[in-house]
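Letters A, B, C, D and E mark the chains as written, and numbering starts fresh at 1 in each.
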Amino acid sequence: MALFSKRYHPPGTPPGTLAPATDQAPPRIRRIDYSASQIDVKEALCLDDCTPSPNAESIRWVHLQGTPDVATLSHLGRVFGLHPLALEDVANSGQRPKFDAFDEHLFIILSLPELIDGHVRTRQISLFLAPRLVLSFCEGEQDPFEGLVRNLQLRSGKIRSLGADYLLYALMDTVIDQPFPLLEEFGMRLEQLEESLLEYPNEATLAEIHGVKRDLILLRRLLWPQREVVNRVQRDGEDLITDNTRLYLRDCYDHTVQVMDLLESYREMNAALLDIYLSSQGNRMNEVMRVLTVIATLFIPLTFIVGLYGMNFDTRVSPWNMPELGWRYGYVAVWGLMIAMVVGMLAYFRRKNWI
Amino acid sequence: MALFSKRYHPPGTPPGTLAPATDQAPPRIRRIDYSASQIDVKEALCLDDCTPSPNAESIRWVHLQGTPDVATLSHLGRVFGLHPLALEDVANSGQRPKFDAFDEHLFIILSLPELIDGHVRTRQISLFLAPRLVLSFCEGEQDPFEGLVRNLQLRSGKIRSLGADYLLYALMDTVIDQPFPLLEEFGMRLEQLEESLLEYPNEATLAEIHGVKRDLILLRRLLWPQREVVNRVQRDGEDLITDNTRLYLRDCYDHTVQVMDLLESYREMNAALLDIYLSSQGNRMNEVMRVLTVIATLFIPLTFIVGLYGMNFDTRVSPWNMPELGWRYGYVAVWGLMIAMVVGMLAYFRRKNWI
Amino acid sequence: MALFSKRYHPPGTPPGTLAPATDQAPPRIRRIDYSASQIDVKEALCLDDCTPSPNAESIRWVHLQGTPDVATLSHLGRVFGLHPLALEDVANSGQRPKFDAFDEHLFIILSLPELIDGHVRTRQISLFLAPRLVLSFCEGEQDPFEGLVRNLQLRSGKIRSLGADYLLYALMDTVIDQPFPLLEEFGMRLEQLEESLLEYPNEATLAEIHGVKRDLILLRRLLWPQREVVNRVQRDGEDLITDNTRLYLRDCYDHTVQVMDLLESYREMNAALLDIYLSSQGNRMNEVMRVLTVIATLFIPLTFIVGLYGMNFDTRVSPWNMPELGWRYGYVAVWGLMIAMVVGMLAYFRRKNWI
Amino acid sequence: MALFSKRYHPPGTPPGTLAPATDQAPPRIRRIDYSASQIDVKEALCLDDCTPSPNAESIRWVHLQGTPDVATLSHLGRVFGLHPLALEDVANSGQRPKFDAFDEHLFIILSLPELIDGHVRTRQISLFLAPRLVLSFCEGEQDPFEGLVRNLQLRSGKIRSLGADYLLYALMDTVIDQPFPLLEEFGMRLEQLEESLLEYPNEATLAEIHGVKRDLILLRRLLWPQREVVNRVQRDGEDLITDNTRLYLRDCYDHTVQVMDLLESYREMNAALLDIYLSSQGNRMNEVMRVLTVIATLFIPLTFIVGLYGMNFDTRVSPWNMPELGWRYGYVAVWGLMIAMVVGMLAYFRRKNWI
Amino acid sequence: MALFSKRYHPPGTPPGTLAPATDQAPPRIRRIDYSASQIDVKEALCLDDCTPSPNAESIRWVHLQGTPDVATLSHLGRVFGLHPLALEDVANSGQRPKFDAFDEHLFIILSLPELIDGHVRTRQISLFLAPRLVLSFCEGEQDPFEGLVRNLQLRSGKIRSLGADYLLYALMDTVIDQPFPLLEEFGMRLEQLEESLLEYPNEATLAEIHGVKRDLILLRRLLWPQREVVNRVQRDGEDLITDNTRLYLRDCYDHTVQVMDLLESYREMNAALLDIYLSSQGNRMNEVMRVLTVIATLFIPLTFIVGLYGMNFDTRVSPWNMPELGWRYGYVAVWGLMIAMVVGMLAYFRRKNWI
């Protein structure tokens, strides 16, 4: 269900409980140790390799792709000293983006939106920052940080020479910028909808307007708190975040604001499109009614007249009984009358702007 | 009445007055004394057992299930030194969730929402926190804290080794998480409504959309202040709340925020569904009108023509009087004329996109 | 006029001017001196008895029921040292609830809502608090504080033993709680409206929805500032308000918040009802249109056919001229054709879900 | 144009530029020197008389009625040391109400709303306050401060004995209270509209509702910042505003709040009236449709029947060809059938609540 | 695409990356060195002339007209020590207006709105302020600062004698005032729309209302953050902004507020126009329906009557079979009946206010 994607414990469960998620593949684990001079990337590790770095010089980044099981989380919690509430949030996916500063580490949840079959779906990203250590969790199959791993290996950018907090920023930046292609897609859809609405509105358009609206509602629920998270990391990150990284996080924050700005104006555009749709419905109804009225109004009196002369009054018993039926020009006169009526009504309709 | 469930004194009643509630069963009383090493659960006690704990080591939790009568409240007020304004709020159920820090104790009112016959109903939960003492009141029959009692007995979680403030948190957490199953239910209803609206909208759907809207309005009135209450307990709880519990309350606060987020996006979804409903009404009307117009427009001129030749003009007195009636191919020609008209009109309607 | 009930001076009038109000009865004056041990209630006094209390032990409460005239206000201003701006506000009824802390006294305006003929009307309550002195003004005939006077005489509650600020609180509490019965009434009306709308909506319902909306708009204009007034008395009351009374005022503030909560959700309910009303209008129109379309569509082709065979083509001059008229089973065949058409159309309508 | 009444320089013009306004009469200048004991009013002065007061005891008030030309403004700027940005704002009328505290003087722009031909128009009022000096500018012909001049001469009120800041307050108070009569007028219009809508809505009502809405939008744009201006004069006026005057400005601020309250509830009322209008449109349509449906439904089947017996089947060739035509009671039976149908349909309509 | 005009890197690109924009002309470079006594304007320079000023007395303003390429930006970044994040924002046009205070310089992005073919388009303006240096970038062909260059050369205004911060203000002021002519244009369009709506609403009006709405949504997205930018330059500009310039920036801020005020009231007007459009649609429909109903209701019964007497009952076999057909005044009586019916129905319609 897209509207309620949160996993939650039954109310009354003790806090910090890790419920076993059903039928999940074990997460893929990648460990990277790097410093300015060297880098060591290890894929597909087992749980026992997830330990603090023995080397005080290098920075360790452990990434778990897929939903982690209870055993993995307990192990990581024990080895890295992670707070049970944070582990609970990692396990219960569908969390609202949040930031928590625990004594020893920062904990961040972000939301990675994707378009699947034209609809917004999200995956939860969980990040821990401790000194010289970054732990990242990402739901689902596809790894969003592959480009970043390549960048690290290529020694490109400043990333290799800066600390773990800059790595955290790089991870956050990747997630934060994800909505831009989505919003570009929605912007395109809105412009197409607008065009097709002003040209030829139909019922399919309504379903599409609603689909966009629904996705924007979902996106907004995710992205709005993301903005606050970036702001709080920058403000309350304390010693773990250096001033230099703070500058970059400020830029990251600007991106979240820009995303919200776009989202809000799309929502307004969408509402405007619905207004047009409703108005054009009214216009169509008016047009149909007008045609019906014109035709009915033209022919109903005529039908009355021809019905009149279809009556079987006996013209022989009385000179009052429709003598026109026996006149030489009676039929022609009736046609003349009817034509005059039609012309008169057409003139009236023209004056009323109906035709 | 769901819209106005508050009990209140007639204006001008002196503050702190406890009005006797009519026809209520006496509340069931449970007393639990526990410390890290031992636990003592007593059910169905009488009023005289509700006293401060004689043991300075253990924590006492007194729970009253059901609406307390005046005598009970006065007794508790006297024995535990509770403020008369707080007692008045316990007695007058239907209060807005609130937090009050009195000199000796904290006082918290929460709201426990439930789905009864598919509609939201709420029960008031009142909590007092004093040093080594928690007092809880819950309206109604069913006890929401039974799971917690079992947890206490099982020595599971940290709850036994932490203070009374952690017990308070555990009680609050139980209440705070209650809306999740409700919201899941509403999310499901909204998705079903959406599906049925896009397929085949009918009047029953309207009543259901309204029912959901109404329940969301009621839920929002309850849950919005709950958020503020949790925030204030954490912020203004002072000495009675330890820093460790504060961390847990922050998590609890995040849940209230998440609940509000869901609620708000449901409200938007609901409004979007109403828009679809109204548009689809308009579409149906348009379709019906179109069929009517097409049929009327096709047949009205034809009916005029057949009426025309039903006129009783005497063809014998004048060659002008409908000579077609006596022609060999007159009838065929009329059919030709009518078929031509129908074809012409159908082409016109096709061009107008009406058929 | 309900929408604009404020009395105001023509712009440019010097501040503090007291304009004589026309045709008013002189206010009834009641003076109460009380201390913990004794109480002295004097009704229907004249203006000269309104002086500061000569007894330093007792608290004096002077209440004026009715619109005070210029002479009275000037006298009171002089005797008790009241600020001319405050006196101007007492005279110009229909003021927004407000709080002003002058050097020597606090000045409070509240609004007392009442239901008169089912519509909201308000009366202005003006209160002054000075050391050991409370001055109260209430417009209109009926005295809202009669219950309080009885309470004072009965020595019930703590009111006799506490200071003038507690008396002020008691007066405010009486006024603040006044909206509850009104809101209960409106809640009942809304539930009745909802029921009758879902059953059988008609035009009278619309007028009633609008009436409730209008009253809620008026109520909100009055009650919203009231909330701020109570908050400011508690916060900015300084020396004149003791800490104990502050606790009670906080409770009073909670009531104003609760009133606003109810009001806001009623406004939403009312808007939801209007939506239902409009949708049910659309539904009715659709139903009426459907019936019209079905009947017209069934009979219009039939009428064409019977018109066809009413044409007077001369069957004798040509075998092409409606030979059916002379067939043995021609008439039966026509009936067969018509019945087949009706059955076909009914099947089509059934498929379209119109019948 | 009412929607855009601001004069502005082309973008890129250097700040502080005074553009010559076209075809304006020179402003009328009035200079008043007063102290508690004496007053000297000079009308229709020329520019050279506008100088600081030579007398250290008295307060000088220079008022310019009409749009000042560039020469006047430059002269005043030079003589009184006014900031060029302030002078630019005086010249470019249609400014948003604003407050600026320059080093030597306070600068205030207010907006004076008027009803001209039933529509809101505004004039700009600019005020400067320096020690013992007030400078005021008012657009247009009619002087709003004439009453104040009379008050000054009459030695009434405290105004003569208080400082220049109290004079400023008196000027502001005159302008601030100006919306009250306008709002009273709009309140009356709304009540009349409401009455006429519930009785007999027509298209003229729509135009009037829109007219009121438009005026309220304009008024709101002017009055909303006015509120902030009064607040800031009181708060940021520093040494130039005495504590006593501050008390009066607070009262003035309360008036602006009251004006906004009224305005907002009028806007809501106006929106409510539009809702009624739309609903009553729907109701009328429903009523018209119902009549049409009832009549069509009654007569269409009847017309079919009479058409049926108008067919020219030859009753002689076959006993199947409408033998009723030759029956003794055939015609009566047809009438019976038709009456039965009408009665049946009427009963059906009655059950459907259509008649 | 107007809805999404932002250029962005694919998510995951390292921060500070400058992507080469495709097919752009190299920017035109203008360098101005000025002091109070002298000025030196150089047009069409190459990149190597863009260096810090060698002269400590004069202020250098380097302006680049057109989209800068990667090489240009890297060069400028190196020479003037600009932050890579700022350069990235200059390159990725379509940014939200923003303000960033870097260690050595201030960085400002503004948005220059223009009307192209009646639609709002924007160009990005980027400004850097360092001590005695201003760097400005403007997209597109047309240079908005030409007037300012002329002013500088003319030694008019204070601009020559004040610092680089005043130049920055002058640039910002030029951009900030740009919306005024646009808003004037939109105000005019709205008034024309209003007039044409109240006179004769048609479908073209709807498209125009929507076009204005769309443009106002876009404008608002741009201008809203612009307001915050001006405020932050004034507040957080620190040492680089002098107190005197701050005064001018405050004026600039007032302009942005005024722009937003206008925009908001235009949006409200636009919504009001849509309401009128929808209502007038309903009115037209009502009118058309009324005519249809009146005509149908008049003629349907008449057609029934004439059909009745068109039945072929054999008057010879029975005296019950329409004896009227053989009466002397039968036909006249039928006419009398029909005229009576018409008169009766007309009276009924008149009473119903339908004609």
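In this section, a residue touches a chain if its C-beta (ideal position, glycine included) is under 8 Å from a C-beta of that chain, and two chains touch if they have at least 3 such contacts.
Worth saying up front: this structure is predicted, and the values here are computed from it rather than measured.
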### Message
Strictly by the touch rule at the top, which chains does chain B share as contacts with chain E?
### Response
A
### Message
What's the distance between the Cα centroids of chain A and chain E, rounded to whole Å?
### Response
25
## Note on the structure
Expressed in whole Å, how far the mean CA point of chain B lies from that of chain D is 40
### Where chain A touches two or more other chains, by residue
278, 282, 285, 289, 292, 296, 300, 303, 307, 310-312, 322
### Task
Make each chain a node and each touching pair an edge, then name the shape: line, ring, star, complete, other.
ring
### Task
Would you mind writing out the residues of chain E in touch with chain A in their complex?
1-4, 6, 8-17, 83, 85, 95-96, 98, 100, 102, 200, 203, 206-207, 210, 213-214, 217-218, 220-221, 225, 274, 277-278, 281-282, 284-285, 288-289, 291-292, 295-296, 299-300, 302-303, 306-307, 309-312, 315, 322, 324-332, 334
### Message
Considering only the defined contacts, which chain E positions touch chain D in the complex?
### Response
144-145, 147-148, 151, 156-157, 159, 169-170, 173-178, 180-181, 183-184, 187-188, 190-191, 194, 198, 247-248, 250-251, 254, 257-258, 261-262, 264-266, 268-269, 272, 275-276, 278-280, 282-283, 285-286, 289-290, 292-293, 296-297, 300-301, 303-304, 307-308, 310-314, 317-318, 320-322, 353-354
